[in-house]
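Structures follow.
Paired with subunit B in one complex and with subunit C in the other, subunit A is shared by the two complexes that follow.
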Partner chain A sequence: MSTTNDAMPVPRSSMKRLPMMDLWWLPRALVLGLLAFVIFGPLTNLVLWTVAERWYFPNALPMSYGFSFWARVFSPRGNAMEALGNSVLVAMLTVILALALAIPAGFALARLKLPFRGLILLAFLLPQAFPNLPVYVNIARVFYQLGLNGTILGVVLVHMTHGLVFSVWIATAAFSAVDIELEQAARSVGASAIRTFRDITLPLAMPGLMASAIFVFLESLDEFTGSYFVGAPDINMLPLLLYTASGGGNYQIASITALVLLVPSIGFMLVVERFLKSDVLSKVGH
Partner chain B sequence: MPEKFLQIDNISVSYGANRILDGIDLHIAEGEFIALLGSSGCGKTTLLRTIAGFAQPAAGAIRVGSRDVTTLPPDRRGMALVFQSYALWPHMTVAQNIGYGLKLRRRSAADIAGTVAEMERLLGLTGLSARKPAELSGGQRQRVALGRALAINPEILLLDEPMSNLDARIRLQVRHEIRALQQKLGITTVHVTHDREEAMVMADRIVILNAGRIAQEGRPEAVYNRPQTAFVAAFMGAENKLILPGGIDGDIIAIAAGASNAACRVPRGGRMLSTGHLEARFRAEAATLEERSLAGVPNGEGLVLAGDIVDVSYPGGLWRHTVRVGSEMIQVDAPRACAPGTAVHVTIAPDNLFLFDAPAGTIPAALPHPATVLNEARVLEASPN
Partner chain C sequence: MSHRPLSLLLVAPALAVILLLFVVPLVASVVGAFEVGDGFGFGNFVKATELYTQDAIFTVVIVSLSTVLIGLFSIAIAGYLTLGENPRTVAILRWLYRWPMFIPFIVTGQVLRTFLAKNGLFNNVLISLGILTPVQAESFLDWRGIVIAFVWKQTPFVTLLLAGAMASLDRSTIEAARNLGASRLRILFEIVVPQVATTLLVGLILSFVTMMSVLSVPLMINAQSPTMLTTDIAFRINAYGDYGVANALGLVSLLITSVVAWIYLRHGVRKSL
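Let's turn to the complex of A and B:
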């Protein structure tokens, strides 16, 4: 008896619900489509521009395709190769210097009972707290007096003000995530403090440190304002090239430069996503 | 001097204002297995970590043989600590974990491989060399931790509750394995545990810690049968507690008769008692139970209590009875079950009855002085525990 009573309303209600269900895909599809357009629209435009030979208003699509601009960008006479070389060199130097500071600093902040620990961590955020422009203009002024303007070292130092935030904060979290008993276990079987750090702490913190290195690398690769004030015009970098190209209305060269900048970003993001585990992330800023 | 291989002299440790250890003196002979026993927070792990060198004493000295190691770093003390968490290195394989200490000692690769294989064979880890700790069971991890400590052939092995993360059944087996291994290698061992049975089964000597001090030390049977304080008696399983009037009468301890107990006299056995009230402690299995109507007053030696069965359960082996004696509840084991409501006599033989001075705070005002005790007086205190 109860089964028939229970069974009856079910088809009725589902019949009522069916047309509703049919219409539900519409708003969903609209929202998803809009989202996809917002994200991929500009990217598609960018990719189209890199292979457009001629593209004038009012055409919706390029009138002819080709790679001649690629050849121009990467020709020995073009300055893109030099800019790419400079950008990668500066990014790598920034990573090395930032890690050289962040590894001891992060270990100390994670392991030692430092006074004002929170304040020290906050201090690395300070350069980001102020508007970029006045900070970099003043740095450029100081660097000019020191003779650092227009040198690779000058640009690297400017990039480090950004990079140290990521590297110190993530390194601190990475070292905090290493269980102190793992270090004590090494001491207990006869490892010195330095040996313990080399064999146990550093390898276990390495994924976090790699992630911070990648962040610093990408941040340096994309950095514009500091590079502009301290480096230009002596040190040519990819973002500066992008700026002059798009400012001069040369969308092809600007797009190709942008694409070159985009590739490492996307590639490294995928790597970072694998490196940064939740146990490290949960300790960022603690 | 084999008698005093590991010497702990007057060690005190403080964390901030908290004094964790207060003047610990302990001398351990070479090859001896010592169990540090105590409830959590008693300082037993702190003592072990101080011996290992991970905590610095505020006062006192630690010596190994003739060497003063008090200020040496952990890696130069010739000791190996097995952690409660095992602390295996997740980025190394089983073989690398076990062989790490040997690698530090610059032993040749062949030598290391040989010792690691020997350890794996000894600990039943053969075939697991290439696994990472994450791929091992709890018991296997525990063995790797033990193997890592034993591989460096330390003078002293320190075990920090190494079995508390194991299943009960595996734990019973591992107890005997560790003890057998320790005997075979003849290695001086300090084992921290809160498990009384584990300490009894494994150790040559038990050291019971309470609130940062040594409450009692001795062979397992000595600590079990002759507890020197009420705390030790309770910790060694004498959970039943009654406050009785009584005192010393020459070589005899005389317990005065009360509402629920007959007067009795037990040999003093060198015990020092002072106040007029005694704290009597005994184990559930150390008392015998008789129905009151059948036997009259038992005429055997020892303390006889009159009570009523409140509850009965079967934990296995013997029936466990909850008996109301005056206003107190006690646990008594018996081979046969007595129904709740039965009036019974509980007899505790003199050897099984532990008597101590009653702590001042536990004597209720209603309890009269033994000199004025009458048969109808209430003699059983109503303690909160």
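Let's turn to the complex of A and C:
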């Protein structure tokens, strides 16, 4: 799992160069080609929409191409820049808050004696274990009374609660994957518990913690339901903009917004295994 | 290292957040489901049953079907990644399968909304391959669109978990079975999958619940009746401010997931409790 394949050629063109030693290359190439179409077909369609000036049925491809919709989305008066700014701000605040809570909790769950450890770990799964929608609806009701509805803080609080699922579980797994003998060795040569944590445990768990930070960031960036009930219409965010544009039949603006949301996600996908090694993954849920 | 007060202190803030911002609103939604006027009763459920029984069934069928498909595809992909003997195919597959994983649901909705539409790339490719005529082209933006969106988005997630668990398995039993002449398919289902069953179950349950909560996909792909309960809940709030029926529908979806959570508790977490 640890070696990724950066120099991998584009799959569809590389199929011709598959070894033809046995007859199995044909079904293999067919299945891979089909999979490539299933995965990249929809993405291609999205990219086409971002540069389509006019595209009506039954034309298979856009009738004219251009970037006028890009100019419209990113114009200073357009609300995409405001939405982007709000989305990034909320995501960063969510990461800071979630990790500040998850690192101590994850360490305690992985290393310290804790009564009801299994139940506590399960409690952090709650936001993932129950449908969120009824919860968001009722949070929005309470936040409205508290004046938190339609504020950045309100949205951050909602995102953070859900972010704790990933951050606590991955932090616990990351701390569990650290070899306990290294800690014991440090302690036996006289290092204090805090020093051992700072110099041994934390650096070794760092890749897993980074992964959980990126998870929380992306979760927040992409979150729709909570922002829809707690943030809208006062706080404009990218997913809300995408939804409104798509609902209004403006596929170009919706697709451009979708592309902006895609870039950080795809970037993370390409590097995720550097952070999230299989030794940490196999500890998730244990 | 075993100071109980300290360990509780470290966990308490995070636990408090979950309690205040998740458990309390969750309880409020359950209580709210029974609030009728000034008192309590089953009025909301009567109304919900009258209006949305079909949608509840629709939701269960769609999410269950998606879960089964996600399970099958992820076993197939993770299994090939673990047992595949053609290194180049394994490498391409590993590079390929993960793409949809981090694509947000809302973007998945938009992407597939354009792809599966009557004029989408899917129909256009079938037409240009001569499989369909333009007259036969139809929109897939109904229940099929929702299932495709869920499977497209969630399969890589379960596959990643599964492939990780398979990679850390002891290879010697696999090699031994291989030397004895067992087929790879047999090794996959008799040796590999049973050992990673817990991981598979966790991944599928997380996906099930995620699909039960996602509002954006049904909203963007198929908001007409019959639709999913999530869309109905949002509609009750936005159109009528009707928290009673919305909470009743919320409780129905909670009950559906509780069945799944119960399976998880029985099989998944028992070891670590």
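To be clear about the criterion, the second predicted complex is superposed on the first by the 249 of 286 C-alpha atoms of A that agree within 3 Å, B and C clash if a C-alpha of one lies under 4 Å from a C-alpha of the other, contacts with A are read in each partner's own complex, and residues count from 1 in each chain.
Going forward, contacts are C-beta pairs under 8 Å (C-beta built on N, C-alpha and C of every residue); 3 or more make two chains touch, one makes a residue touch a chain.
Please read all numbers here as calculations on a predicted model, not as lab measurements.
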Which term applies to subunit B and subunit C once both are placed on subunit A by superposition, clash or fit? fit
Between subunit B (first) and subunit C (second), which does A:R195 come into contact with in this model arrangement: first, second, both, or neither? first
Is A:A123 touching the first partner subunit B, the second partner subunit C, both, or neither of them? second
I'd like to know which partner A:A83 touches here: subunit B for first, subunit C for second, both or neither. neither
Looking at A:A258 after the superposition, I want to know if it touches subunit B, subunit C, both of them or none. Which is it: first, second, both, neither? second
For A:A213 in the superposed arrangement: first (subunit B), second (subunit C), both or neither? neither
Looking at the overlay, does A:T44 come into contact with subunit B only (first), subunit C only (second), both, or neither? second
Just subunit B (first), just subunit C (second), both, or neither: which does A:V142 touch? second
Is it subunit B or subunit C that touches the larger share of residues in subunit A? C
Is A:A110 touching the first partner subunit B, the second partner subunit C, both, or neither of them? neither
Which value in Å is the smallest Cα separation between subunit B and subunit C when the structures are fitted on chain A? 9
Identify the residues of subunit A that lie in both the subunit B contact region and the subunit C contact region. 193
Touching residues on subunit A, where the partner in the complex is subunit C: 1, 4-5, 8, 11, 14, 18-19, 24, 28, 32, 35-46, 48-49, 55-61, 101-102, 104-105, 107-109, 111-115, 117-124, 126-139, 141-142, 157-158, 160-161, 164, 168, 193, 218, 221-222, 224-225, 228-229, 239, 242-243, 246-247, 251, 254-255, 258, 261-262, 265-266, 268-269, 272, 278-279, 281-282, 284-286
With touch defined as at the start, can you tell me which subunit A residues reach subunit B in the complex? 179, 181-182, 184-193, 195, 199-200, 203-204
Would you pull the subunit C residues touching subunit A in the complex into a rising list? 1-4, 6-8, 10-11, 13-15, 17-19, 21-23, 25-26, 28-29, 32, 86, 88-89, 91-107, 109-115, 118-122, 124-125, 127-128, 134, 152, 160-161, 163-165, 167-168, 198-199, 202, 205-206, 209-210, 212-216, 219-220, 230, 233-234, 237, 243, 246-247, 249-251, 253-254, 257, 261, 264, 268-269, 271-273
Subunit A contact footprint on subunit B (complex, rising order): 52-54, 73-76, 79-81, 83, 85, 87-91, 100-101, 104-105, 148-149, 151-152
